[in-house]
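Handing you this structure, nothing more for now.
The chains carry the letters A, B, C and D, assigned in the order they are written, with residues numbered from 1 in each.
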Amino acid sequence: MILFNNDYAEGAHPKVMERLLQTNMEQTVGYGEDPYCEAAREKVRKACQAPDADVHFLVGGTQANMTVISAALRPHQGAVCVQTGHINVHETGAVEATGHKVLALEGTDGKIKASQVQEMWKEHWADGAHEHIVQPKLVYISHPTELGTLYTKQELTDLRAVCDACGMYLFLDGARLAYGLAAEGMDVTLADIAALTDVFYIGGTKSGALFGECVVIKRREIKEDFRYMIKQKGGMLAKGRLLGVQFDTLFEGNLYVEMGRHADRLAMKLKNGLKEKGYHFYIDSITNQQFVIVDNEKLQEIEKNFGVNYEKRLDENHMVIRICTSWATKEENVDKLLDVF
Amino acid sequence: MILFNNDYAEGAHPKVMERLLQTNMEQTVGYGEDPYCEAAREKVRKACQAPDADVHFLVGGTQANMTVISAALRPHQGAVCVQTGHINVHETGAVEATGHKVLALEGTDGKIKASQVQEMWKEHWADGAHEHIVQPKLVYISHPTELGTLYTKQELTDLRAVCDACGMYLFLDGARLAYGLAAEGMDVTLADIAALTDVFYIGGTKSGALFGECVVIKRREIKEDFRYMIKQKGGMLAKGRLLGVQFDTLFEGNLYVEMGRHADRLAMKLKNGLKEKGYHFYIDSITNQQFVIVDNEKLQEIEKNFGVNYEKRLDENHMVIRICTSWATKEENVDKLLDVF
Amino acid sequence: MILFNNDYAEGAHPKVMERLLQTNMEQTVGYGEDPYCEAAREKVRKACQAPDADVHFLVGGTQANMTVISAALRPHQGAVCVQTGHINVHETGAVEATGHKVLALEGTDGKIKASQVQEMWKEHWADGAHEHIVQPKLVYISHPTELGTLYTKQELTDLRAVCDACGMYLFLDGARLAYGLAAEGMDVTLADIAALTDVFYIGGTKSGALFGECVVIKRREIKEDFRYMIKQKGGMLAKGRLLGVQFDTLFEGNLYVEMGRHADRLAMKLKNGLKEKGYHFYIDSITNQQFVIVDNEKLQEIEKNFGVNYEKRLDENHMVIRICTSWATKEENVDKLLDVF
Amino acid sequence: MILFNNDYAEGAHPKVMERLLQTNMEQTVGYGEDPYCEAAREKVRKACQAPDADVHFLVGGTQANMTVISAALRPHQGAVCVQTGHINVHETGAVEATGHKVLALEGTDGKIKASQVQEMWKEHWADGAHEHIVQPKLVYISHPTELGTLYTKQELTDLRAVCDACGMYLFLDGARLAYGLAAEGMDVTLADIAALTDVFYIGGTKSGALFGECVVIKRREIKEDFRYMIKQKGGMLAKGRLLGVQFDTLFEGNLYVEMGRHADRLAMKLKNGLKEKGYHFYIDSITNQQFVIVDNEKLQEIEKNFGVNYEKRLDENHMVIRICTSWATKEENVDKLLDVF
């Protein structure tokens, strides 16, 4: 069985494992205050061209999302996101469990537009009863989105402008950022993201680490006492250096983006191969997640040897399946998968 | 200025005030354990034909909603309701502030259908990743709804059946219940509601009391330790007897429903009068809330002497306004309002 | 049976009832935005000599406490209070239910000292692991305390100084403030309290109102969006003018303090009478709560005709009981009570 | 610098690293549903002699504590623990952040007694105002405690009996369980713990794993939907098999207890050595944490080459320091440390 279900089926990139092994018996202080974390933080700041950013390492994505959001908001404020946003559908209400409503907007290609945010904000403040309504205060976006799509630099710039105008925060979930940064034809760099958001994170779990997300904070209010928040939400690893060692490795040279490039290239190979065979796609993605429409018979055939994810049933005979490549995907397996279509 | 904005513009029904005055200098124990509360509880149980129900008096609707919902749910569970549901839009995220997601469904005439609930439940459990998704566990409906509409007995029976089949709770918000029970042509009685729901409340604030909602609980798990919950959520009035005295008065004879009947009759008079004049309604309501479509010019004219609520802008020149009658509305004021249209 | 259990056994002061009755059938807008609330706010600001303060009316004390505290704190911060503090023992964990730890300090006569707060703050920041510990950020005191004692002006000034030095908020719970302001020999005025705290409230429930607490906010951060917070926590009364009318009456002339004076005078009469009879007191209170030590036999005798509260069992044969006078207490009843001792 | 500060200064036991490396490029499904987790669960159930227990793997201790506690309690209930309990002092209010008060009891040697729990429970229910007080529902203990002490089998049996009698849950935090199970002279086995508690966890982070705690649940109500809770609280690792692989290794043969034995033996060597030199101990611990009293001068000398933890200042010239051994401690380093005393 070859799994294309997701991008976290394997362990870590061999270089990451090597470093973990090398440093295994060293003694360091805990909770992210060791030299490996410090070195990794420095590398991340440099890669982001954000020398004043605060950089923290958390274990997972749900944790990162709820910790950032609850650090940023007062009790009556909510997080705006697209209907399909991870915090809205796939985190068992983790954000609500910290007391905050998720305010969902209809998306286009998995994204929300600056104009929608502005509209929501205007409507809120124009409503005479706005004090009876959750106040939109933070915009949560994913890049790539749950549908593999990417925000353009212009779209991010527009969101930034609206957030500035409305006194809102812009938070970017980069769980799959490697695959976004590496996507061919995409114009958004890590420095752009750091420049245009208030806080974002660089995903490790889905991009070569055993686990771990690197939260980069630029906004002063969110920076303040953030380590208390990590601890309270259960995200402060005792052996914090495990995260430092991993991100230090991922940001050694260009490894992080190279891994993304590998996955994106194979995803494009798959996409083009399937297009040639006449397959249709649910959405046009240039990153490592591809959403293909297959009929039931074909699906059964595929599933004899390959793992894929069900995204959505289109009709009785057709399903949208998600196929993921990753830093670990072997080209020969993509070829084998193409053969079966 | 004559206000038709809502049904809580005046104080309490004169009989309520009289009883409060009569009992004012009496000494009673606090926190709802006095004889007035006990008498009122007994009257409510009788009116509901629910001798085993637990009856509690809370100060307000938001409080009642969040206290019931947080008493009923475990942390990973959510409350299903219609998009326009009060808990979803007009309580500043009070339910989320207790940690629970509100799961909104598209409504028809402000109502949700049993089949929608069943569908959501099926989808949840059919999803391989359901543990990553908030579990639907309680269905919240309003009767009348925010749009003045009512559930039929069949609709309530169907919701009950689905909730039973799915292991879900049915919670009915009766903030305007008086106006629902009194509506001409409606077949749902207080006893029906008590028989078909797990928990519901009988609104006082909008129906003749100074303030206060009477929560009736039939389900054992929600009954348990409910008074702790009231206290914790800030809803336990020190001078609890104020609520007892009020509900004892409202349930003396048929006062509660009579007040509703008065308001509904005037609402129908208004509705018919406006229809005759050619006005159109946003929704067909038989209760005290009427949603009329007016053009900007007319709206300006109305607002010279009358208060109405803006419900929704339809287009540049048309607005849906809400006109409320109540137990306190004078017929002559309805006539005056009709005249201006 | 004559109740001395507490100061909320009766309804409201007759003048309050009269105003409620007079205004009962008037129509006003809801949620505290009516002219009565505005007038009351103005009177309160004047009485506090705090023209820039924000003034809000909430229904009850638990509500006021949790709303203020959750408005003031970020998630990792806690409220410092004395062990016997109301929020620590008698609110069913309402503050914790908003996510915040209550950090209890040993008290002296029901009070905490500025030096204790400073010590706790120092210890927190000196601890290398302070990010693993709840950060003390707000000091909660009651005046009078749960034991009827009062902070002196010097003590409040010292607390203010420590709070300023430590970047902490000072929050005063004045549920029984009338009895504190009126206490003979006490040097703390309403203006002092307004000058020395960041936020406090003036109790109505225990001092002549049917219900209601008046929150006065001076600190900018706590002011911000406070009405959203009231709504979310279930404390925004639809017929908000009920609170306005009541506080407008209480602050008409000197009624609020006069009621307190009445109660305090009777409490002193009781205290002196009991002292003469050789009774001992658990604590030296000059306000309306008196804590007397009685043996079991005497207690039984008292309870034949009088209601009192059990405060604490001292030994097998002795109990501390709490006797409360109030604005409503009749002098003849105090005499009767004295007779039985 | 040789660190004796804690038991998580190094990475993982070499066997753990070896297995992680071996399995690194395998593909498995995520979120703990892989064969490694299943195998580890089976081994843990066997070691616990608890074939019906539910076994879950979480990333860290704070996470495990708050997830279990919030899964077990309704909103008005609290967790009873000793003043020095980890959840009470060192988790930045993580339990409170889920809405629950921690009810602290004075300890003896870091432990609480069954009689104290019973007393608290009795007092709660005897109090006429118990609905205004957080209801004690779960007893949280650590074994070993924060002071290195252990509950005897009799003490655990007594706690079990009281919990049964009072309808309370017994939850044991075994973050350092390896060192408890291995302690010479201790009569409590893993099977005893599984038999006597409702839920407990077996610590990995401090006992040979890179990270991870293994939660064992016996009580039906806590079992129910627990995976939703893990996900919501941010504890569900995408590459869940990392936890499975680690615990499968720790429970291969007797490795888990052997590691504990190594640490305990060295701790005893240190203890005996220091006693011979005339040093006094703050508490009598037979596990890997030793609390020694040193004067300032000696402390300075020690800290030139060794890391130790400050536990408590005794007086101006004396400090209690904590010295930890672990599975990774080298005997030669203990000798070197002894030399410096």
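Operating definition for what follows: contacts are C-beta pairs under 8 Å (C-beta built on N, C-alpha and C of every residue); 3 or more make two chains touch, one makes a residue touch a chain.
Just so it is clear, the structure is predicted and the values come from calculations on it, not from any experiment.
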>> Farthest chain from chain B, going by the mean of C-alpha atoms per chain?
In response: D
> How many degrees of rotation bring the Cα atoms of chain B onto the matching Cα atoms of chain D, given to the nearest 5?
Replying inline: 180
> How far is the middle of chain B from the middle of chain D, if each middle is the mean of its Cα atoms, in Å?
Replying inline: 49
> In whole angstrom, what separates the CA-based centres of chain B and chain C?
Replying inline: 33
> Just curious, how far off is chain D from chain C if you go by their C-alpha centres, in Å?
Replying inline: 41
> Residues of chain C touching 2+ other chains?
Replying inline: 75-76, 91-93, 97-99, 131-132, 228-229, 231-232, 236
>> Under the definition above, what is the set of chain D residues touching chain B in their complex?
In response: 31, 70-71, 74-76, 98-99, 131-132, 135, 225, 227-229, 231-232, 236
> What residues of chain D sit close enough to touch chain C in their complex?
Replying inline: 75-76, 78, 89-93, 96-102, 128-129, 131-134, 310
>> Under the stated contact criterion, what part of chain D meets chain A in this complex?
In response: 1-3, 5-6, 8-12, 14, 17, 20-21, 23-30, 59-63, 66-67, 91-94, 97-98, 205-206, 210-211, 228-229, 231-239, 242, 307, 328
